[in-house]
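Quick one: structure below, then a few questions.
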Amino acid sequence: METVTITLKNAPALYLEADTISPDAFAGKTAAKIAELPVFEGNVPSTLGKYFEVSGDAGATAADTKIIVKGDVKKVKYIGFKMTAGELVIEKTADQYVGAWMKGGKILARGDVGAFAATAMKGGELVVEGNAGNYLGAAYRGDWRGMSGGKILVKGNAGSDIGMYMLGGEIVVNGNADVHVMTHAEGGKTIIKGNAASKLGGQMVDGTIIIFGSIEVMMPGFKPNGEVELEVDGTKAKFAHFIGDMGERHKKKKGVVVYGNLYKKI
Amino acid sequence: MTKTVTDVICPFCGTLCDDVECVVSDDGKQLLEVYNACVIGTEKFLHSQAKDRVTRPRLRQDDGSWKEISYDEAVEYSAQMLAKAKKPMLFGWSSTNCEAQSVGNEIAEISKACCDNTAATCHGTTLIAVQDIGLPSCTLGEVKNRADRIIFWGCNPAHAHPRHMSRYSIFPRGFFTGKGQMSRKMIVVDPRPTDTAKMADVHLQVEQGRDYELLDALRVAFKGEWLPDVVAGVPAEKIREAADMMKSGRFGIIFFGMGVTQSLSKNHNIDAAIAVTKDLNEYTKFSIMPMRGHYNVTGSGEVFAWQFGFPFSVDLTRGFARYNPGDTSTIDLLIRGELDAMFTIGSDPGAHFPISAVKPIANMPSVCVDPHLTPTSGVSKLHVPVAFNGVEVGGNCYRMDNVPIDCRKVVEPPEGMLTDEQFLIKVRDRLKQLKGVA
Amino acid sequence: MANKITLNLISGRTIQQGVAIEGGKEKPLYRTAAGIIEMDHQDFKKLGAWKNSNVRVSSEFGSVIVKAIETTQGPHPGLGFIPMGPWANSVISDNTYSTGMPTFKGVPVTVEVALNEPILLGIELVQKQCGVKVG
Amino acid sequence: MSEYIIKNGHVFDPVQGIKGDKKDIAIKDGKIADKVSSAAKVIDAAGKTVMAGAVEIHAHIAGPKVNLGRIYRPEDKLFSCTPTKGMERMGGGASIPTTFKTGYEYAKMGYTTAMEAAMPPLFSRHVHEEIRDTPIIDEAAFPVFGNNWFVLEYLKNQEIENTAAYCAWLLKATKGYAIKVVNPGGTEAWGWGLNCLTVNDPVPYFDITPAEIIRGLIEANEYLGLPHSMHIHPNNLGNPGCYETTLDTLKLAEGYKAKNKFGREQVLHLTHTQFHSYGGTNWGDFESKAKEVTDYVNANKNITIDTGNVTLDETTTMTADGPFEHHLTGLNHLKWANVDVELETAAGVVPYIYSPNISVCAIQWAIGLEIPLLMKDPMRCYITTDHPNAGPFTRYPRVIKWLMSAKARETQINAFKHKDKVLSQTAIGTMDREISLYELAQMTRAGPAKSLGLSGMCGGLAPGMDADVAVYNFNPEKPVANPDDIEKAFSRCAAVFKSGVQVVSNGDIVSNGNKRTLWVNVKVKDNPQVTRDIKEKFIKYYSMTQNNYEALGHHFIPNPYALEVDAT
C-alpha cells in the first residue's frame, strides 16, 4: 500500500469542497498529478495543490492507496466522498460529508466530523475518535434507501438523526446521542453506550436500537416486552426490551409480524 | 370620482384572499379604501401609500449615513457584488411574483449563487418531511365543500391567517357542508390555549416540543395498541377520543403551522403528521396542508422546482443545482460563515433570522430590495426600494394549497420607481455583460 | 419572590405583530406589538414583577429588553411568548439540527426585571447588535 | 427567416407515402417548401434518416403534479444535475426533469410537439407557466373533464349541449386543447376515499355511471367538432383483470363517428393501453390481454391508442387517478402525494421501480411491446411511456430499439430473472415482427398528428406544413450490427428544425426556437344557463373568484397558437 500525505497549507477563506480527496480519485496518480485534482471554493474552481502540500504517490488502485490528511481541515467538505477502497486518515477535525456515499475502505477521523458523515453508506468502515455531527449514516433527502452496510464507530458523541432510513450495517456511539435515532429504519443496528435524548426509533419498521445509558423520553409507540439478557459488543447485561413503532406499518415474516426492537440496559 | 377594483388579491399571507375590493382615485394614483381584507391585509394596502416612503435607492456611506443613488448605480453595485462573490446568496422571493422569481433564478444561474426562500424560517422543514413521506392534500375548496373534521396543529389562524376560517375551513357552507360550522368538528393542538384553541371542540394542550410523541400516540391509538397513561402531557384517554373523532369523519384535514415546523423534531413532526393523515385514509378521507406564511412563498418553491428541481435551499455554486438543507440552507450557511455576499428580496431576514445569522449579513457586501424600511435594509449596504407587489404591480402567485392566482395591479407606483422584475432584469443584463455571457 | 425566573420561550405570530410589520418596522407600533413577552399570571408572581414592566430576557444565545405583559392567550404557566421579530430572535436558539430551521420555539430563558433599561425599536435593535454604524 | 435544404437524406414520410427514398427537404419561412433559393443553407443528410419532428401525444411534463414530483423527489436528481451549457440552462431530474431539460431532451430526440396529458383546470395557470419555461417544443395541455361537477350534473340529465358549452368555456378559460377523461367518476368518488372500478359503478351522490360520462363526453366532443377526440384513461387502471373494463369502455364508442374539420377519424383515444390490458385475478396469475384489447381496436376504426411502454427504470408515477395512487402506495410503501381539486379532479404521485427482477414488471414490459406489435394499423397506435408513469420519455430510443429489433427483445427477455413467467404469461416470445422506419414515422409522427387534428400542420414533410424536421444518424441501407446502435441513433439527432429554426446540431441545442402554446378556441351559441351555472358555482363552491380563474396571455401564454372551431 502506498501512502499519500496531504497537508493543508493555505486555508480557504470560505469552505473548500474537496470530493477528490479519496483513494479512488488518487489511485494511479503521482503527487504532482494529485495536486492537479479539482476542488472548489464556492463557485471558484481550483486545484488540490493550491490548498494542500501533497507528498507521496498513490498506489495503482484505490485499495493500494492510503491517504493521510494533515492540518486544519475543519472547513473542508466531502473528504472520502464515494470512496470504495483503501484507507484515509484525517488527523484533525473535518467538515461535512466525510465518507458520504462510501462503499468500501476505511476512514479514521482522529478529530470530529461534521454533519452528513457516511450519508447512505453501503460498506466499509468509518471510525471517528471525536464527535460526529447530525445525520450520521442517514439517507440523503427524500431517499428511502439509507445506510445499507458497513460499520461506523464514534468514540465521542453523535448529533441528531443518526441512521435515518437505515436498512443495514451498524452504528456504535460510545458517548451520547441527540434526538431521533433510526427514524424510518427498516434494518440495521445502532448501539449507544452513553445516554440518548428522545424520539428514538420513531416510525421504525424494523431494526435494532440498543441503549446503555438513559433515555430522556421514550416514544409512546414502543411497547414494553419484558427483559432479556444480551451480549452487546462484549458486554453481557440485562436489558428492558421494547417493540415498535407500534404506530407504524410492519412486515410479516412467516406469518409473524416483525417489529423494530429497542433494548435499554437496566 | 373614484373607481373600484374588484377581485383584488391580498399580498399578505398564504391564504391569498382574492375577493378584496379597493377604491382608488380617478387618476389611479391613490388607494382610498379597502374592503373584505383582514386588518393586516388592509394595513398592507394602505401602508403602501405612506407619505414617508423611500422612493430611491440608498447606499450606506462610511460614516453610516445613507446616500441617495440612482437605480442604475444600484444595478451596478448589485451586479458587481454578484459577479465578484465566491458564494453569494440570493434570499427571499416570497413577497414577490413568479415573474421576478424567474429572473432571479437566471441571476442565480449566471452568478453561480445559492438561492433560497423564506421556507428557511417557515415550512422548509415541511418540505423535508414531504420529501421523506409525501403529502396527501387537497385544495381549499375541497375543505370548504367536504370537510367535517378540521384539525389545527401548531397554528393559530385567528392571528396569522385571519380569514382562513371564514373563507375555507370552519364557517363556510359548501356543497356537502351546508350547515357550515355545525357540520364540522374542530380540534386544536397547541401548548397555549390560543384564540383559535378557544373555538375548538377539543383542545389538546400538548407539552411544548413533544408533538412528535403525540402524533405517534395518535397512530398507535388508531390501531388500538397499548399506550402509556400520559403522552406529551395529554392523557391517553383524551388521545383515544381525538383519534376516534378523526376516524369517524367523512373528510378531514390537518392544517399545521410553525408550532410544529420550528419546534424540536421540526421535519419529523410534519413527517409524523403526514403519517397520521396517511393512516386515516385507511378509515376515511383525510388531507393535510401547511399554513404557508408569505403570500408567495409557495410560488417561489414552485418556480425553483420546475427550473432547478428543488423547492428551496438550492446551491448552484458548482454550476449545477444541489440541495441539502443543513448544508445549502441560508441560516446554516450564514452561521457557518460560508457566504460572502447577500442579496435579499421580498423578505426580511434581519427581523426573522436568529441574530447570529443576521450579524454576518452586516459584515458582507449586501443588497436589500424592499419597499419597506426593515431590519434587513438597516444592516445592508444598499437598500433598493421598489413598487409594492400585489398593489402597484401584478404578477402570478401561489396560494398555500399551490393554486396559482394572478395578482392585480391596483394603483400606480410613485413616479420613477421600478418593480422587482424591472430591477432584476437590469441586474441580470449587467451581470451578463460582466460575466461575458450572451 | 425571585428576581429571576426560568421560562420555556416560544415565539410566534400575533395579529398585532402582523399589522405592525405592514405598518412599518421603523415605527414604535412595531415595538409595542413585538417588543414584549407574554407571561402567565403565576410567573409574574414568581418573578415579583408588575405587569407592563421592562424585563431582560436572556438565553445562551443572547439577551434582550422587552416589556412583560400578561398573556393574552393563556393560561400557560412556565411558558413565555415573544411575538416573532428581532426581539424574540435575539434570544431564540439558532440550532437547526442541520435542517436549515432554527429552534424558534422551545428555548430555556431567564427573565429578570430591568425597569430602567430601554426597549429598542426594531431596526435599531438589530443594527446595534450587528454593530452597524448609523449616520 | 433562413432557408435550408436538407440534402440526400432517406426520407420517411407517411403523409406523402415516402418510404426511405433519397429526397431533399426544403425549408423556407418556417414551412416545408417546394424549393428554396441558392442561398439556402445546405444540411448534408446523406446516409441519414429524415423524418418530420415527432409528436408526443401523452406525457406528464408540466403542471402541479409534475412539479410536486420534482419537489418531493430530490433523490431523483442526486448527482445528475447538469450545468449551463451554451444555449442550455441548468437541468436536472431523471424521471421528472426540470422544464428546461424537458424541452432540450425532447428536441435532441427529434420531438417538436408535445401534449401535457392532464391539466387540472383550477391549476391551468401553473401548467402554462411551466409550458412557457419548456423551451423549443410546441405544447398543448388537456384539461380533465371526467370528474368535473358541471359535467356530472349536465350528463346526469343527458344535456349534451350544455356539456359542450361548458367544455368550450373551460377550454377557453384554461387555454386547453382537448377533452381528457381520467378514471371517470372514480376520481370524484375518491373525494370520499372511494372509487369506480367498472363502467357501471355509480358515482357517489351524483347518481351517474362512468359509462354515461364517457358516452356523454364523446357526444359533446363531436358536437363541438374538436381537433382531438375524447382522450381516456379508463376505470380500473393497473389491476389484474382490468382488460374487461377496458373493453367495456371501448365498446361505449360503438356507433359514434368523428365529426370535425381537422381530418381526425377516431372518436375515442385510449391512452397508455399497456396499463389497461391485464388479465388474471391477482399478481400471481397476472397475464397479458394485449391480444384481446388490440383485436378489438384493430376491428374498430373509430379508436386510436397509445402504448404506455414500461422501460424498466426507477420512475415517478403520477396521475389524476387519485385512488389508483393510494392503492399503489399500499403496495410499495413509497411516499404518497395526493391533491384533490375542488369540483374538478384529483391527482396522486408515488415513486415506482420497474425492476427486471420482479415478474409483474417484466410482464408489463412485454405487454407494452405486444400492443404495437399486434396493431395492424400503425396510424392508430402511438408510442408513449405515459411519461413518467411507465418510464421517462427520455427512454423512447430504447423502446424504439425493442420495437425495431426482435434480437433486442430477446436479449432483454433473457436478462429477466423470471424469464419463464414472462414467456408463459405473454406472447412476446413468439413475436418476430420488427417495426420499420416507415411504421415508426406513422407511430410517432403522422399518426399522433392526425389523431390530434394537427395533420395539416405537423407530423409530415409535405410542402406547406410546419418545418419540423429531424435528421438521425441512422443509415437505413446498412444492416444494424448491434441493436444498441438504434437506441444511440434515436437518442441524439444530427439536426432538428422547429418551425424552420435549427434547434439541434450534432446533438447539441443551438437555439431555443420559438415555442408556441397550442389551444382550441371554440365558438358556441350563447348559453345563458351554462353562464349562470358557472357564475353560481364560483360564488358558492369554488375557493377563488371567477374573474381570477382564466389563464390570460401576457405572462402565461406569451406565444399562443389557437385552433379555431366554430360550433355555433
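Letters A, B, C and D mark the chains in the order given here, with residues in each chain numbered from 1 onward.
Going forward, a residue touches a chain if its C-beta (ideal position, glycine included) is under 8 Å from a C-beta of that chain, and two chains touch if they have at least 3 such contacts.
Small disclaimer: the values here were computed from a predicted structure and weren't measured.
When the interfaces A-C and A-B are ranked by C-beta pairs in contact, the top one is A-B. Comparing chain C-alpha centroids with the centroid of the full set of protein C-alpha atoms picks out B as the closest. Centre to centre, using the average C-alpha position, subunit A and subunit C are separated by 39 Å.
Remark: subunit A and subunit B have CA centroids separated by 34 Å (rounded to whole angstrom). Centres computed as Cα averages put subunit C at a distance of 56 Å from subunit D.
Between the Cα centres of subunit A and subunit D there is a gap of 44 Å. Each of residues 115-116, 134-135, 140-142, 144, 179 in subunit A touches at least two other chains. Within subunit B, contacts with two or more other chains are made by residues 128, 131-133, 264, 316, 318-319, 323-327. Residue numbers of subunit C whose C-beta contacts span two or more other chains: 97-98.
Residue ranges on subunit C touching subunit B, taken from their complex, read 8, 10, 12-15, 18-19, 21-26, 61-62, 71-76, 79, 81, 84-86, 89-90, 92-94, 96-106, 122-127, 129-135. Taken in their complex, subunit A has these residues touching subunit B: 13-15, 17, 40-44, 77, 96-97, 115-116, 134-135, 140-142, 144, 165, 179-180, 183-184, 198-199, 202-203, 217-221, 223, 245-248. The touching residues of subunit A, when paired with subunit D in their complex, are 140-144, 249.
The part of subunit D that touches subunit B in the complex is made up of residues 62, 64, 66-68, 70-77, 81-84, 89-90, 92-93, 98-100, 122-123, 125-126, 129-130, 133, 149, 190-193, 205, 326, 329, 335-343, 346, 349-350, 540-545, 547-548, 552, 555-556. Touching subunit A in their complex are the following residues of subunit C: 97-98.
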